[in-house]
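Letters A, B, C, D, E and F mark the chains as written, and numbering starts fresh at 1 in each.
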Amino acid sequence: MSVPAVHPFHGGLVLEGHKRISTRHPVVPARLPERLVVPLQQHIGAPAEPVVQVGERVLKGQPIARPRGYVSAAVHAPSSGTVAAIEARPVPHPSGLAAPCIVIETDGEERWRWREDQRPDWRTLGPEALRERVREAGIVGMGGAGFPTHVKLNPGAGRAIHTLVINGAECEPYITCDDMLMREHAPAVVAGAQVMQRILGARRILIGIESDKPEAREALSEAVRAAGADDIRVVSVPARYPSGGERQLIHLLTGLEVPSEGLPADIGVVCQNAATAAAVLRAVTELEPLISRIVTVTGAGVAEPRNLEVLVGTPFADVIDQAGGYTDEAVRLIVGGPMMGFAVAHDEVPVTKTVNCLLVAGRGEVEPARDPLPCIRCGACVEACPARLLPQQLYWYARAKDFDRVQDYRLFDCIECGCCAAVCPSRIPLVDYYRYAKSEIWALEREREKAARARRRHEARLARLERERAEREARQRARRERATDAAARKAAVAEALARAGARRSGSAEARRHEGSEGG
Amino acid sequence: MSRWRDIAAEGLWRNNPGLVQLLGLCPLLAVTSSVVNGLGLGLATTATLVVSGLTVSAVRGLVRPEIRIPVFVLVIACTVTIIELLMSAWLHDLYKVLGIFIPLIVTNCAIMGRAEAFASRNPVPAAVLDGLMMGLGFTGVLVALGALRELAGHGTLLDHAELLLGPLGEGLRLEIIQGYRGFLVAVLPPGAFIGLGLLIALKNVIDTRRGRRSVAVPVHAHGHGSA
Amino acid sequence: MRRFETATSPHLPPRDSVPALMRRVLYALAPGAALQAWHFGWGVVVQLLLAAALALAAEAAVLVLRRRPARRALADGSVLVTAALLALALPPYAPWWLTTVAVLSAVVLAKHLYGGLGYNPFNPAMVGYVVALIAFPRELTQWPAPHALAAPPGLDMALGLIFGGAQLPDALTAATPLDHVRTGLAMNRTLTELGAEPVMGRFGGKGWEWVAGGYLAGGLWLAWRRAIDWRIPSAFAAGLALPAMVAWGLDPDGHPSPLFHLLSGGAMLGAFFIATDPVTAATTPRGRLLYGAGAGLLTFLIRTFGGYPDGVAFAVLLMNMAAPTLDQLTRPRAFGEGR
Amino acid sequence: MIAAVVALGAVAAVSGALLGYAAVRFRVESDPIVDQIESLLPQTQCGQCGFAGCRPYAEAIARGEADINRCPPGGEHTIRALADLLGRDPKPLDPERGAEKPPSVAVIDERLCIGCTKCIQACPVDAIVGAAKQMHTIIAAECTGCELCIPPCPVDCIHMEPVPVDLDNWRWPYPEARTENLA
Amino acid sequence: MSEYLLILVSTVLVNNFVLVKFLGLCPFMGVSRKVETATGMGLATTFVLTLSSVCSYLVSEYLLEPLGLEYLRTIAFILVIAVVVQLTEVIVHKTSPLLYNVLGIFLPLITTNCAVLGVALLNAQTEHGLVESALYGFGAAVGFSLVLALFAAVRERLAAADVPVPFQGAAIALVTAGLMSLAFMGFAGMVRG
Amino acid sequence: MDAGARNAALSALLLGLFAMVGTGLVALTHALTRERIAASERAVLERALHAVMPPWRHDNDLLADRIAVTDPELLGTRRPVTVYRARRGGRPVGVVLTPEAPDGYNGRIRLIVGIYADGTLAGVRVLAHQETPGLGDAIEAEKSDWILGFTGKSLGKPPLERWRVRRDGGDFDQFTGATITPRAVVKAVRNALIYFRHHREALFAAPASGEGEEEAS
């Protein structure tokens, strides 16, 4: 197969891969832990809503929480057992916060919810039905952000998709889970991609793989050949971080730029991770929800770096234990790779649908606590930024809390790849400033909305008070007039007297009202 | 009475036109290459402030809003022209040295600002006192900056006092640093800017030492009780 | 439960550091500085040491006053670069108090009033130089004759000149090539006549052209090591040489050649070491081209029409002033941003 | 001298005529700056600024009668935004007006509530529901945290609770550079 | 022609009104916190300054001088300026609401910009003709706008700088202006008079 | 519209009124100070002239007895140059010229040169210059005595070819680090003397023009 030309992107870094250390062993399933801690939010969007109660028995694959809204994802029991608690537990998140989780006491029986043979050939199903299966399976993007896959597979009427990009780049150092998946299950990846192609109605599939993974590329090419699909291409892209970034990969493969503030679908492309593709295939053929994934356990801090197939909800400690446990070197536990991953303070945190790697870093593999010097505006970050931003200006304005300017400099085009911070000679934690600025801007947005609502309510209240006062006055006036009418019917002599009396009582009434209001 | 003291403190320090409001900067920087020049222009400005404060306050009831500004401008311009004529007659040398900056007192934002913010809302005595205090505060800065620059630039103080005082000022020149080589930058434009920057920083230091930061609110007669 | 240190991404160990960068700049200055010392004598060395000591002391004093940890800031080496560039720009036998005023202006006024490394909008060394030039123009015109014309003063004489208040004897001074050409042209002499005089060398001034060559070599090494952005020196050279070429082409007897412009005065030092100060230069790629070109052009204009024989310092300061605006005007199109 | 008076009088009269005419012909009706200022205030309506609510404070700022640093709920960010809008230097919050506090909401201890409706009358955004003689509750999502309902309650059953931090409203902290001294 | 060019170069760079002649400093310090506002101020000032130097010239040439009333210059000029400013405001408001949004708030401030009166007075003092007056005013305004915009960009950058506390705000801004005027001294002697 | 007109009229009236009162006051002040200002201005001019032409040597009014001449070659400028003539009892005593040195370091240097009728210099001063402060500005009498050294010199004393700075082989000092400025001044003064030698008779004979530019301000 001829290899199509790639279209290089600006910036990026050539990094040392450290991939070999974790690809020596084949992927094996991890042990079933005693307790699974399944977070309700493992995706972008609204957290799922529990549909089980504490004490309830659940079966493997049974939905235990349903999506709340369209952009949300279902959560399933990764194994059979009893619901022990529904409460806040530490989750893998940079904040280190606890979030609502369903804790399942496993029974070791691994009993499935159903094992019938209602497994129709997916080729007979229409796109709608296929997408519904993906949704029911609670599949979210496994390459990064965890965006619900069924949403991405529904680009909307106006946006015809011509190309499906399968992201097998795996550009971050140390991580090898996609590599191992593609080596070992290439046909599943290819078939999963074809399912999505069908859902999207895409003309072609481009599979991008970094040049440092020849085995995976071979396996995939073989699978494509075996499937006889001539609309699929496996493309080798240079090993230059972050070639796996959605926008970068699409540019590499198609030469198209995803518009800023836009989606790939705007230019007729959808990009899915290779593992997502495999999960989609399982969902439509085996009716199996997303309850496990391959996780790379690596770094100088573990004794036997390797890849494991791990149930969602398994605590990190259990996973690391099965990679030979910690070595003396272990200083930092990073979820994800060294460029984008975040460090967690302890290992009592569960694996989620988006945890692709546990990097237990040794002392020499990571930078000790950053001790930044001021930015000297050297421009190294500008050269490195794949989004063609001016990281130092973003930093400067984020630091000054000038949130208007920072957006003028396109803060929201930053993909937080970390290239800028990696090359900064002053060791400034640049990306932290961008995350800070982004979250402040979002918070301000929320506050503004809240303020607008408060103002509307305040104005409504003032209007209500005003209206009530007006009504009260109208009532009084009406009463006075009624009194006058009645008097008119009386004798002419009594008239004047009656009117005087009515007026007196009316004003007394008014005075009483004013009194109560003033208090 | 604390009200009077308040007005004085505002003008002389807390809301000083030169250091805090940053108004009237042009003359402040342009003529302060020596103490005498600074003093001369400061006094002229003070006179203008007092007279315009008085007039504006006196006519404040008469003026319609749409021509308020032009009337104030007119009052100030007439005052300045009279002062200019007087200076040209009796302090001709100083008049020559200060040059265009005497007529430019008209556009000294500090004067217009006071007319707008204070004199047009307050009775005559308060307006006059405010004008005087603002003027003296301004003069103080002019003299301080003049002294700083003259000293750093030439090592002297009160050079050319005769411009202001006539023959009386002849011998007043003080040679503070004997045999000083002169540091020209101080008397050139950069020295003016940097010198004022240093004075403001000095004021900040003093204010912090005294435990409160200056408040740059435009003061009005009411509200703003003595802090 | 095992506990771990927390930190944010990226986690990779550092690739480069500011002190290393500053060290590289100092190494790159060495050949030019050595040639300058060879041609103009011990004064160059004494000035370098004096300026370095004063600069370190001034920086330490400010940091102590501000109650900031002094060790690390001093160790970043940036103040040594400032001191070195300033010392190389001043006449080698300038009296000590002049060097002191210049260094204090550079380090305290231009750098630390803004918060120190990275925050100063103006090039500290050039601020120091210009303050000295404006305050003490007489001393700033006293350049010694290069080696080729008169044996430069020895170490003891250098110390006497710098610290003892002695004046450089007339026999040992010579107009700098730029000054020579400028005053000569002002007296309606032609360049052919002027070029024949002893101070003039093959391309620039005698001795001066060698020094410029030294800086060129060091600068090229810096660019090759990517310590500086090639855009700035290239654009600077173009901005200076192109108008010089035009003027020279039109009137070869009234305007010196582009090569003379490039190899005299502060042009090479300016192009590779001064205009490239990352802190005060523009930071966008296109901005740097404009910044360099502007500095070169202004240098030419000031040399040709202005009141000062060399315009590099002013040109750099003027472009410093424009750098933030250039940065705003030349923001690159972000990935995916509409054209 | 007569010439002077006449000439300048004429110039001035012409100017006056032009200005007077222009003033009527092109009067600017509303004062948009008040709206702009108000849109920057947090609408907590707590009155800590010394005015009867956010709008009156905005009007006072626009008239130049109040400084920009009097709104504690808005805190530093609001001061910056106001300084930006009005072209002034930002300054620290006026300590006499109170301190910036973490966002919080009022909570009614429902066991103690006697249903007197006093708090409803105090709440500027109608965030309290309940009828006379019945237990009252606060709609947490609408509560602005103004604390105005606390003093009127005869049985002191209202207290403030900070809004808990969760994954949705968590904010990335300001990266503390070592040499930080920004306000 | 070259004489006119000389006036421009001289007013914009060599004798820059703000940094060398010390005129127009209050708006220079006051309206330079944001680039956008600085640019707006520059535009508004350029327009008014050019127009008012022409008007002042006319008043001076055809009213004051024939009557021998030079001593009333200051008063007459300032009135003319006030009127030009207000009428500009009115006309801009009427004809282009968009432009008014940009320039509106700056226009009233221009009356007290002493560069405007300064230009009128200097024009009268140096006996410039009509074209020269207009050019002189235009050049002065361009010089003002140029340094104002550059200064604003520098100040925006200073917002994040670790400036020592006593120098924060106005003090460091003035030091910066000082260094700018230091740089502008490089233009000295460019236009021989 | 109607409201506009009425408003305009009212404003006009009020502003006009203010203007008239104000202008009245200004005009009054002007009337009262006119004499004195004229005298002051005159005094300034006289002081400048007297620095280069001692008042006791003449008895006429220098300011009144003046003519304008043009000689770009020797007087350094194409513009007319004012010549004030000093006489005693009607006999010529000397002249005061205001030539320019066109080749200063930073441009033209305007001089005022007093010459006795016999061609000796009564005095030289600088009226205006743009030389570098601290270097070329030593030609000001305020800054150094250098300019006073011209008094008493004439074309023969020193001889014509020694009317140069020392560095060029003449009799006049230069300043350290600044040769150009003094060179320009010496040359301009020498040329003024030459001009005077050529035109002495004509200068004194020409009728006073009275009106003219007041150069010495």
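Details
Everything below uses one rule, namely that a contact is a pair of C-beta atoms (placed from the backbone, for glycine too) under 8 Å apart; a residue touches a chain by one contact, two chains touch by 3 or more.
No experiment lies behind these values; they were computed from the predicted model shown.
Put simply, the chain nearest the middle, going by average C-alpha positions, is E. Note: the chain lying farthest from chain A is F, by mean C-alpha position. Counting C-beta pairs in contact, the chain pair with the highest total is A-C. Note: centroid distance chain C to chain E, computed from Cα atoms, is 34 Å.
Separation between the centroids of chain B and chain D, computed from CA atoms only, is 36 Å. If you average the Cα atoms of chain A and of chain E, the two centres end up 54 Å apart.
Mean C-alpha positions place chain A and chain F at a centre distance of 83 Å. Residue positions 30, 71-72, 75, 79, 82-83, 156-157, 160, 162, 165, 167, 170, 172, 175, 179, 182, 184-185, 188-189 of chain E are each in touch with at least two other chains.
For chain C, the set of residues that touch two or more other chains comprises 8, 109, 115-116, 119, 131, 134-136, 307, 327.
Among the residues of chain F, those touching two or more other chains are numbered 7, 10-11, 14-15, 18-19, 22-23, 26-27, 30, 105-106, 133-134.
Note for the complex: chain B touches chain F at residues 59, 62-64, 66-67, 70-71, 74-75, 77-78, 81-82, 85-86, 88-90, 92-93, 96, 182, 184, 188.
By the touch criterion stated above, chain D contacts chain A in their complex at residues 38, 41-45, 53-54, 77, 80, 84, 124-127, 142, 144, 165-167, 169-175, 177-179, 182. Of all the residues in chain D, the ones that touch chain B in their complex are 12, 15-16, 19-20, 22-24, 64-65, 67, 88-89, 91-92. Residues 30-31, 33-34, 37, 59, 63-64, 67-69, 72, 75-76, 79-80, 82-83, 86-87, 90, 93-94, 160, 162, 165, 169-170 of chain E are the ones touching chain D in the complex. Within the complex formed with chain C, the residues of chain F that make contact are 103, 105-106, 132-135, 175-180.
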